[in-house]
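Read the structure below first, then the notes.
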Amino acid sequence: MSRIGVFTCHCGENIGATVDCVKVAEMCKDIPGVVHSVEYKYMCSDPGQRQMQEAIKEHKLDGVVVAACSPRMHEPTFRRAAGDAGINPYMCEMANLREHCSWVHEKGEATTQKAADLIRVLVEKVKHNEPLHPIKVPVTRTAMVIGGGVGGIQVALDIANGGHKVVLVEKSPSIGGHMSQLSETFPTLDCSQCILTPRMVEAAQHPNITLMTYSEVEKVDGFIGNFKVTVRKKARKLDEHLCTGCGLCIQKCPNKKISDEFNEGLGTRTAIYVPFPQAVPNKPVIDTLNCTYYKTGKCKVCEKMCPTNAIRFDQEDELVTLDIGAIVLATGFKLMKTDAFPEYGYGKHKDIIDGMQFERLASASGPTSGVMKRPSDGRSPETVVFIACSGSRDRAKGVPYCSKICCMYTAKHAMLYKHKVHSGKAYVFYMDIRAAGKDYDEFVRRAIEEDEVKYIRGRVSKIYEEDGKLIVMGADTLMGGEPVVIKADMVVLATAVQSNDRSEELAQTLHVSYDSYGFFAEAHPKLRPVETNTAGIFLAGACQAPRDIPETVAQASGAAAKVVGLFSNEELTREPIVAVVNRQAAPVYSTCVGCFICQGACPYQAIEQEEIMARSGEVIMTLARINPGLCQGCGTCVATCRTKAIDLQGFSNEQLYAELMTL
Amino acid sequence: MRVLRVPCTGRIDYMMVLKALHKGADGVIVSGCHPNDCHYTSGNYHARRRWMVFKKMMEVMGVDMRRITFSWVSAAEGARWAQLVNEVTDQVRALGPYTEFRQVIGAGIE
Amino acid sequence: MEAVIQRAKELLEQGEVKAVLGYAKGTGSARRPHFARQAGQLDKLVMDEACVQNLAVYVTKHEVKKLGKVAVVALPVTQRAILQLMAERQLRDGSLAILAVDDGAVKELDSASALEEHLALKAQVLNAKDKASLADLEAMDQGQRWAYWQKELSRCMKCYACRNTCPMCYCDHCTMDCNRPQWVPVASHGIGNLEYHMVRTMHLAGRCVECGDCGRACPVGIPVHLLTIGAEETVHELFGQRAGHKAKLDYALSTFKTDDKESFIR
Amino acid sequence: MANTYNLSHESLKGLFGSLRRDGRRILAPVDAAGRVELGEVEAPSQVAADYLQTILSAKEVAFPKVERLLSYTIAPGRVDLKDAEPRALPTVLFGVRPCEAKAFGALDAVFNWDYRDKFFNARMEQLAVIGLSCTKADEACFCTSVGGGPADATGSDILLTPIEGGYLAEVCTEKGAAIRALAPDLFRPGNGVDKAAIAAKVQQAFDQPALTSQLPGMFENEVWADQALRCIGCGACAFVCPTCVCFDIQEEADPKKGERLRCWDSCGFHQFTLHASGHNPREVQGARWRQRVYHKFSYYPERYDMLGCVGCGKCTRACPVDMNLKEHLIEAAGVKA
């Protein structure tokens, strides 16, 4: 009979308020196999743990049940304590008296009785526990960063500077992300290109960083420390090594009228193009959808002009499989388009633009080289209306959350407009000003006081066009809700920040959970903001929720620190909660019949074939075997196996049966 | 209501539900994360198929399936879980003890 | 029906197979499985309407495998069972010479793919009697069905004839033999019988080739074949999959579709 | 031919009445949805007519398929043990065939050779057997080859043989006499009818003593493996057999209470002799089939000098793959050592 200790915790008042812990400790003494049963106000505290450790040594316990909070909270704590006291950590189980009993019932005899019953269930389980030892798994010390925006670049640089190899995967032809499209950045009005481009070059030239631009992650297998990532390198239709980036092909390309994504559709570009002048790598890409050669088979001007004849029209996509130890998601965000606003004309008015389009107008490398020209007729707008919270905090638009960065960039836009068009009039319709960062509110005050931007607290109900002017119908709630009508030359909507395209698809590829808006789910909002629930996969920046640049970069360094921490140890120890196919002596060898139905149930391809050989080398039988490195311990195969040949350590059939028998 | 903790709905074997009924439970809740949100990718997809076949088999054998509730509840939906448990316990209390099944447990022994 | 016996004789005499597994006359009007290993035992082979048992139950037995290559007289149900066994890696291509008998015509097959093509030609039809019994069961309400099965299962004595006659129950160590933990009680009392038949039905759902042998084998005549055939039909309705039609494992309960439709999970 | 009487159909009805008034339940073969099985009856009209035998044997009355031996509850620090008392009702087994009546002797041999089995004996004391001679037999029957016969009285307390207008009743034991004493006037003095003429004709199939002496030398013979090639290792033959006594003890317990059950077991199961180490002395079905034959035709005679088989043929009829015991014994007898 095992020697089991039961340690009942009051958890301050959480359990003690409705459960008579002293009585429970008393009742547990009668459970067969229990030789020591005490209660204490805070078992997880240092004295609490020490008390448990002394009891283990003194009473020579070989099994421990801590009746306290949820195992998700303190199972590691108590298992480590038990381990330090000399018994195998996995001989320590937790009974959840808090969520399963005290929090959900009133004080009373029945609640105390239920607490004792719950402990008895776990005592019966502990009797069937086996000592388990963590699984040692090698760690591939190469990280992968998905998304080459400012966040991704920062993560890559930090990890690379930590002495580890990094693969930075970016789906567009160049790294830089949305920040490279910005003109200047709040609250210091630094020119975005000036502070970002050096970082891009540093990343490109860093010996530890491998850039994989114009590439997408297609498939991820394996698990923490041992991911196998398949990346699709989309064909640029030219040989990157030969191309020197001279740009001759771009100048000579006759097909110049293609809408330029980098300039948010305000400018045009050639079929063979580089997204923006400071692109890294500075190698063009052929847009096969619009290139004349791919439509009609003629032209080939770029091929003729290329001094190093680097053009490869028949180049195919390439699938590359990489061994990766940790993955950081930094895939950024996208802005809601203006066509999502029926009340503002479904995006048909050319002069109603979104924030990113305004950035392109204001940017020196933009289609208007930074000169304020409205898209419809290129005239300099005399009156511009900025509308904050366009789509955000609006349940009807499916975006009930606040997009966080619009208040700040709307103030910046108004300020930039006033700097460029001194005689211009700028109006901002807002609900609340959320400027909570360092020097943020001062920045907005400056826009209002020095640059005389008129802030009107109210919503804009309608915009319609009337002889070349945009009639903006709003209200001023601070003036008793009086209607306000402004004849504007241009309107900028600070549209909602949303999760990037196909983010859900990427999350499913990486088995990472995501919320209903497509943002990736962090492991714990307060305590583990840069980790996901999938071990070995981390987060940085706006892919997790709307974020400004300072926060993105801070999170990026946080995620990088996690990766460097992971890579700091030789081997990774993994919870031994994995499935095992039983083995017995000859002639039976195992109760497995080799039907391999379990293989279909395993999402991690952890089930392999093992051939049992006779001395003559002839294969007697083929049995299933589970690779402890790959198995994540979900147990689906255990329930699928007909002959119960597979069992899950920690949640074995015998343990669960013993628990069921005491319910 | 007593709780049996398993890592994933994929781990839930229908024999556990049978054992619960055998040990005198009047109602059983079988629950776990929503499809597509499974932390183990496909545990609940397999569980769903198993439950679909198991439910039909139990109905064919005449088990009162109003007493067995299947539900997707994620770890984040505390309120929804509380509401589900209250609803099911009331429903099972209304149905009363599952005597029809309990009679079978002792039957057939001389 | 001489053709199949003639072919079997040739195969044995030419030494291509070590034994022929077919049917022979039994006690009274019964037919019994018959292993012919020398010429003398061949003349006992018969083939007529009364030969219905699914001979695939023998192809996974150690004693039969030790005989070497066997020629099997295979009715449609036997063909489907052999294909399902191949899908579950219990049989390798070429370990059997399958003499497929369909309404008198004989076709010799010896690989899973050949078997799959052959089986694709004819649709699998549930016989009328079982279809009617399943419909009667469906028509009952929950209370009636419970009473019906309790009355029938009370006569079960756990002789396991239904399990041991089933070609798909080839596991050397069945869950019923598992005593750590003892999921299903061994004794044939109320709960022991109920859980045994429930687990057997679940193990056959999506794997049963609907031969009905389990119902025929029961000494006390419990219609247990309704449970497994019913479960197989359920799997077909729910997931469109059927046992014994694919060379590659196509088992409903070890695969899934993200959009499996159901209406009872809250 | 000590005391034979005539019992008309009418007086049989009267006998049923007096037995019931004496507080005894009467079990007899009854028609149940196309099958004949043992059931409680109140009048001869309820007994099944022109049937050969029941599927299951009457051993169920004395040796049920599941029987509680003891139960216990676990309280803190102690265990309360409760012996189970056998539920033995005074019973009359009516219409049992002579072979099955004889079978109780074989059961008794095992249940009483050293340890007196409380449960079996309690039920046997309360049991009286009124046998009914067979007027027809089928290919599976071979009672005459194993020392029995269609009108053999061994094992019956009273043996009825159907004659014109009623039955020839032979009172064979005190229990039989006690029954007659309940209503002596119903039993008219017998007129010495020749039973053999009425009883079914069952040809002797093989020389059993010769087979029994031949078996020890045939242990390694291939015939057993050949015969058992088609045996699927289920327990049907053992469970319908009136003389099979093997049982398995099952403990069904949880941390609070438990009970110990005795259940039927069969040497045909592959697990019957599986050792905890994984070794199985009877690994292949051939060995298990041989064990079934040897137990009844070689070991039983050695130990109890009676046969463990009464030739009723139930196993042959119940077998899913038609393992005809008579045919196999004939084949075995024909094997030259």
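Just so it is clear, A, B, C and D label the chains in written order, and each chain counts residues from 1 on its own.
Heads up, the rule we're going with is that a contact is a pair of C-beta atoms (placed from the backbone, for glycine too) under 8 Å apart; a residue touches a chain by one contact, two chains touch by 3 or more.
Just so you know, these numbers come straight off a predicted model, no measurement behind them.
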Comparison of A-B and A-C (more C-beta pairs in contact): A-B
Chain closest to the middle [Cα centroid of all protein chains]: B
Chain centre separation in whole Å, for subunit C relative to subunit A (CA means): 50
Whole-Å gap separating subunit C and subunit D, where each centre is the average of the chain's CA atoms: 32
Computed distance of Cα centres, subunit D from subunit B, in Å: 44
Touching two or more other chains - residues of subunit A: 588, 601, 640, 653, 657, 661
In subunit D, residues with contacts to at least two other chains: 65-66, 254, 261
Interface hub residues of subunit C, defined as touching at least two other chains: 172, 175, 182-183, 187-189, 192, 253-254
Residues of subunit B defined as touching subunit A within the complex: 2-8, 10-13, 16, 19-20, 23, 25, 36-37, 39-43, 46-47, 50, 82, 85
Touching residues on subunit C, where the partner in the complex is subunit D: 26-28, 30-35, 53, 57-58, 61-64, 155, 157-161, 163-165, 172, 177, 182, 185-189, 192, 213, 216-217, 219-221
Subunit B contact footprint on subunit A (complex, rising order): 71, 96, 100, 104, 114, 117-118, 121, 508, 511, 513, 533-534, 577, 601, 603-604, 632-636, 638-640, 648, 651, 653, 656-657, 659-661, 663
List of subunit C residues in touch with subunit A within their complex: 88-90, 170-175, 178, 180-183, 203, 249, 251, 253-255
Complex contacts: residues of subunit A adjacent to subunit D: 30-32, 120, 124, 584-588, 661-662
